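Paired with chain B in one complex and with chain C in the other, chain A is shared by the two complexes that follow.
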Partner chain A sequence: MTSVTARTEREVTRGRTRRSLVRRETWISAVVLLLPAVVLLLLLRIIPTVTAMAEAVPLGGERSPWSNFAYIFSDPSFLNSVWVTLLFSVIVNPIQIALALALAVLLTKHIPAVGLWRTFILLPIAVPQAVSAIIWLVMLRPDGPLNGLASAIGLPTVPWLTEPGWALISIVIVCSWVGVGYWMTFLVTGIKEIPSSLYEASALDGANGWRQFWSITLPGLRRPLLFVLVADTVSNFLVFAPVRILTQGGPQGGTDLLMHNISERAYTLGDTQAASAATLVLVAIVIVVVTIQFRMLPGKED
Partner chain B sequence: MVNQSATRGEARSGRRALLLAVPVAIVSMAPLVWAGISSLRPGEEIFRYLSPFSWRTLFPESVSLDNYLSVLQSPFALALVNSVSVAFFGVALGLVVAALAGYALAVLPFPGRTAVFAFMVVCFLVPFEAIAIPLSASFREMGLANSYAGLILPALGNGLSIFLLRQFFMGIPSSLAEAGRLDGLSWFGVLRRIYLPLSRGPMIGAGLILFVFQWQSFLWPLLIAPAPDVRVAPVAIADFAQETGVDYGQMFAAAILTAAIPLLLLLFFQRHFTGSTASSGTKE
Partner chain C sequence: MRGPRTLSAAIVLVAGVAVTGCQASGSEEVTLTFLNPHAGAYEPVAEAFEQAHPGVSIELQSVPFEQMVEQTQARLSSGDTSIDIVSVDPPRLANMVQQGFLTEETDHLPEMEANVSQAAISSVTVDDRQWAYPLWTSDNFLFYNRTLLEEAGLPVPGPTSADRLTWEEVVDMSRSLVDAGDAQYGIGMDQVDRYYALQPLLESMGAGPGLEGPDGLTPAVDTEEWERFGQWYGGLYADGLAPRGVDPAQMVDLFRAGHSAFLLGGASAIGRIADGDFPGEWGIAPHPYFADGPIVTPTDSWAIGVSATSEHQEIARDFVQFATLDPQGAQLASSVNTLPPVQHEAFDEYVGYIQELAPEQTAHFGELFQEDTEHYARHRPTSAGYVQFESEMNNAFSDIRNGADPRRVLGSAQEALERQLDRLRELAAEAEGNER
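Our next item is the complex of A and B:
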């Protein structure tokens, strides 16, 4: 009797040590496997964010910690840049999302060779933005092909990059040419996941395509549409290459989007403190806008 | 009967949709096609036939590869080599980092797993472009300016590729990992022998994310590596366009070369995205 109990007890203890050994091996493996990613993310994301904050809000000096913000908010070039960025955002996001949605609906119909047309519309995203901007720089020249085409069909030529309003429209066109096909692909995937039985049932009830779009497609696309809305908005707040290559922020500051304004501050003017403060303002604007978007769209009901 | 008429109706609306889809596809391709055509003609000919528009606008008098030959003998060739090598190391090292982290987050039962994952999601929410400028200042202080390491490192901390691989690894039945563990495999052995062989498609997907990030980047290389010997292709092209008396034929040839590499990769790897092999390991 006693010997049997002793033996089971010994086995239980041995099992427990083995289990704790396994748990330790798992723990060590997890640390080793995660270490590179965690170190890199700390080094490349967290530390620079903290550095930017420390630089924008210098503590312990003679100046007020908020002097950098006071400076940029009294600087007409920065205020203009915030205004241009918001204006750009209000124009470009509805255009891109409406176009992406329209194209997604169009390219989920039973079109011959539908994959080919989708690929053609997606291709611009694969081209580096700097290269796209270079191509459009020539397309939009006063003597470029766009104006050549306009005059060939009897339209007036357009001062694309030389007049502030048209220059901003040019940036909108270039960014949309690059982005619309990309955002479209997420919506195409979303539409394909809507059960076709819903459409068949509503067709039997006599609903036309327009009714079906509002009552089936749009509600069914809520999740991918929210993703596209947020991701597209964020990416449009961060536009840099087209501005740098097409207009350098001009004419008369008409296309001076925040990313460009910040990089000019940091590298042409050498004012890294003001640049960091402006970066934080940009991040704050992005967070506020994205939060509003999450609130406005009906959230998680399923 | 009902079914048949529905398909006929669908076919009709499909043909109507085609009338809209083709012009959109043409508009989308036109700038690239025009750049491609322009790269095949002498620089001074590009603007000659633009106003008025004529058939000569689209069909060059003579087609030649001279622009490509001279671009490949210019400093731009080095920029292209730089781009390819930076992208290669970025993808290779980035995949190792992402696969290890994604696997640990998906498969290993350890305390604090949710917290580590939440940390990565937070990092993923800070847009790289927004912190590129402060980050480039610290990279300069660390002596990484104008170096390959300075160009490659930022691509390695890619939260999106980690997230993608974690999602896929979570879909692989955990019974496979348990069986491997009972057979005495270490956690690393489970990754190497069981998870990686099942993950060709997602690894290619994560590789493409890393590649596109690296190949597209313009702001970062402009800040950290503007020197001619480490310059990457997008920066070199932007410099090209800002030269006075630029040869547009050569500039378009450089643009097409830079655009062609991702396009070819996209077309080549496209078929790997379809179909998942995750469920094929068990009979369930």
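Our next item is the complex of A and C:
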């Protein structure tokens, strides 16, 4: 009895050692493989976030820890910037996604030279943001080519960058010029993954293109659409270069998106505390909006 | 005058070489990084310095003019030791000094006094101490399209200070040219919407500089005179006499292409206009003034400082002194951008050079420059809050140009400045408290 027990015990121990060896190896390789990502995450995300929080909430001084937030929320230029950013977001996201979707559907149909069109639509992505903004700066001048064209065909000229409302629309146009093609590629891939048999069967049942779009394409695109919606929203909250180059936040603060407002505070005025506080507000807004979007478009079926 | 000046310059140079000699022999290669907003401008002077100092190389990091403030702020405030030398815009000096960005150079005041004017030294002085070396000075002129004026039968402006036009005359001529369709625009400004170019107009109209009080931290931009200027400035654009939506970088080209009859511009425009295929003839007249007010002209330009976080301050200082106080160095540092150096001998050389570029147009350039500098030049306000002031005012001018109501724009600029300067005081007090 005792010997048997002893042997089983020994076997169990040996097995345990082997298993723990295997487990340790798994751990080591996991750590080695994850280390670069974790280090980068720490360096590029976690540490800056903590630094921003420490900057924004000064502890141990004479001032209240919340004084930086009190300051920015009492500053009309910051409140205007929050308003402009939300307004921009409400306008630009639906436009970009609708256009990207329309183009994706169009370019997955059998139209001639489809590759060529896709390339043309994607081309703006290859142009650096700063370069494209400079080209637009000339295009949108009051006496620039766009207005020249408008007056040549008898249309009224537009105060593109010189009137607050139109300036925001100009930023929407410039961002969409770059963005639509990019987001379109995700939707094209999504459409290609929808089985063509569904379209064939529905065609036999007499469904027209419009019906197919609503009943097959759109439901089939739910996951890529959710991704595009969230990623596009986030990227549009972080728009900076076009504003910096085209309008510097003007006229009259009409295009002063939060990213630009923050950068002005930090790097022109040298007020990094208020800039950090404003950054945290921007992050909070993005998190709230993205959470709402996730709730509104649940991918439950998957 | 010339003798002692040259002598002291030579002493500075020799002292510089001696110090460098010790450093170069004792240690290995040194690379100095010079952050500046003038692409290409310092290549000749850097090359000359490198040749005289084996083992030293100078890396020129040039950023666009608009980004210079941001880059300086971001990199020097984070204690970046990779920058040794930095361009300094005099009105921003007080703010940089307050943040501890620059080394104090008061010990070298005698060398400065031997080589540059008192006005230039005052542009690098904060609280009676010197923090940088003045390199260039500046002035604005009224460039005009002679062919356009002659064809329209309008009088051609004279070149000397005695012939100075009033703004009323310039606007009248512009209006008749634009109304008759002879010119697309009347007036362009190569520093449009910038306080630098507009301060002389404001002060000639009887307005204050906008920043007041002993520490220059009290904004006063919603006064009656400022508003009157705002109406005048906005009117130029509303009436189509000057172009909206054209940024400073495009203004000289607008004039050079014959699209505007006048250009209010600095000396650097001379090279660019003389270079191009200007349609017809052009000329240079003195900076105009308002009939009921004094003559006021702009002045000051970039200086160069040594970064307080540099690890090679001595050799960096040698380079800065060579580029600013040495006649040959200052001349080399001014040869690309055609900006007027403050170093006395280099300035004379510079005038000669400008006269070679455009002999006819610049016959009276040197004396006009001197006269403006001596009698009419007005410094920009010295204040730790100048950065806030300038960026707020540049935006305000731009809004007025685009058609916003001047009273409302200036009113909200006043409020914004009061808030920002209060905040500046609060943060400075806190920083002082922490140091104690």
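Here is the rule we go by: the second predicted complex is superposed on the first by the 265 of 302 C-alpha atoms of A that agree within 3 Å, B and C clash if a C-alpha of one lies under 4 Å from a C-alpha of the other, contacts with A are read in each partner's own complex, and residues count from 1 in each chain.
The rule is simple: a contact is a pair of C-beta atoms (placed from the backbone, for glycine too) under 8 Å apart; a residue touches a chain by one contact, two chains touch by 3 or more.
Computed from a predicted structure; not experimentally measured.
Placing chain B and chain C on a common chain A by superposition gives a clash between them.
Using the contact criterion defined above for the overlaid structures, shared-chain residue A:Tyr267 touches chain B and also reaches chain C. In the superposed model, A:Ser276 makes contact with chain B only, not with chain C.
In the superposed model, A:Pro251 makes contact with chain C only, not with chain B. After overlaying the two complexes on the shared chain, residue contacts for A:Asp143 are found with chain B and with chain C alike.
After overlaying the two complexes on the shared chain, residue contacts for A:Arg63 are found with chain C alone; chain B is out of touch.
Of the two partner chains placed by the overlay, only chain B lies in contact with A:Val131; chain C stays clear of it. When the two complexes are overlaid, the chain among chain B and chain C that reaches more residues of chain A is B. When the two structures are aligned on the shared chain, A:Glu163 is found in touch with chain C, with no touch to chain B. Residues 137, 141, 143-144, 263, 266-267, 272 of chain A lie in contact with chain B in one complex and with chain C in the other.
Listing the residues of chain C that touch chain A in their complex gives 69-71, 73-74, 77, 95, 99, 184, 243-247, 387-388, 391, 395, 398-399, 402-404, 409, 412, 415-416, 419-420, 423, 426-427, 430, 433-434.
Those residues of chain A lying in contact with chain B across their complex are 25-27, 29-30, 33-34, 36-38, 40-41, 43-49, 51-52, 55, 103, 106-107, 109-112, 114, 116-117, 120-121, 123-124, 126-139, 141, 143-145, 147-149, 151-152, 177, 181, 200, 203, 209, 234, 238, 240-241, 244-245, 259, 262-263, 266-267, 272, 275-276, 279, 282-283, 286.
Considering their complex, residues 6, 10-11, 13-15, 17-18, 20-22, 24-26, 28-29, 31-32, 34-35, 38, 46-47, 50-53, 57, 96-98, 100-101, 103-105, 108-111, 113, 116, 119-120, 123, 126-131, 133-135, 137-138, 153-154, 156-157, 159, 162, 186-188, 191, 212, 215-216, 218-219, 222-223, 233-235, 237-238, 240-241, 248, 251-252, 255, 258-259, 262-263, 266 of chain B touch chain A. Within the complex formed with chain C, the chain A residues making contact are 58, 61-63, 71, 75-77, 137, 140-144, 159-163, 248-252, 263-264, 266-274.
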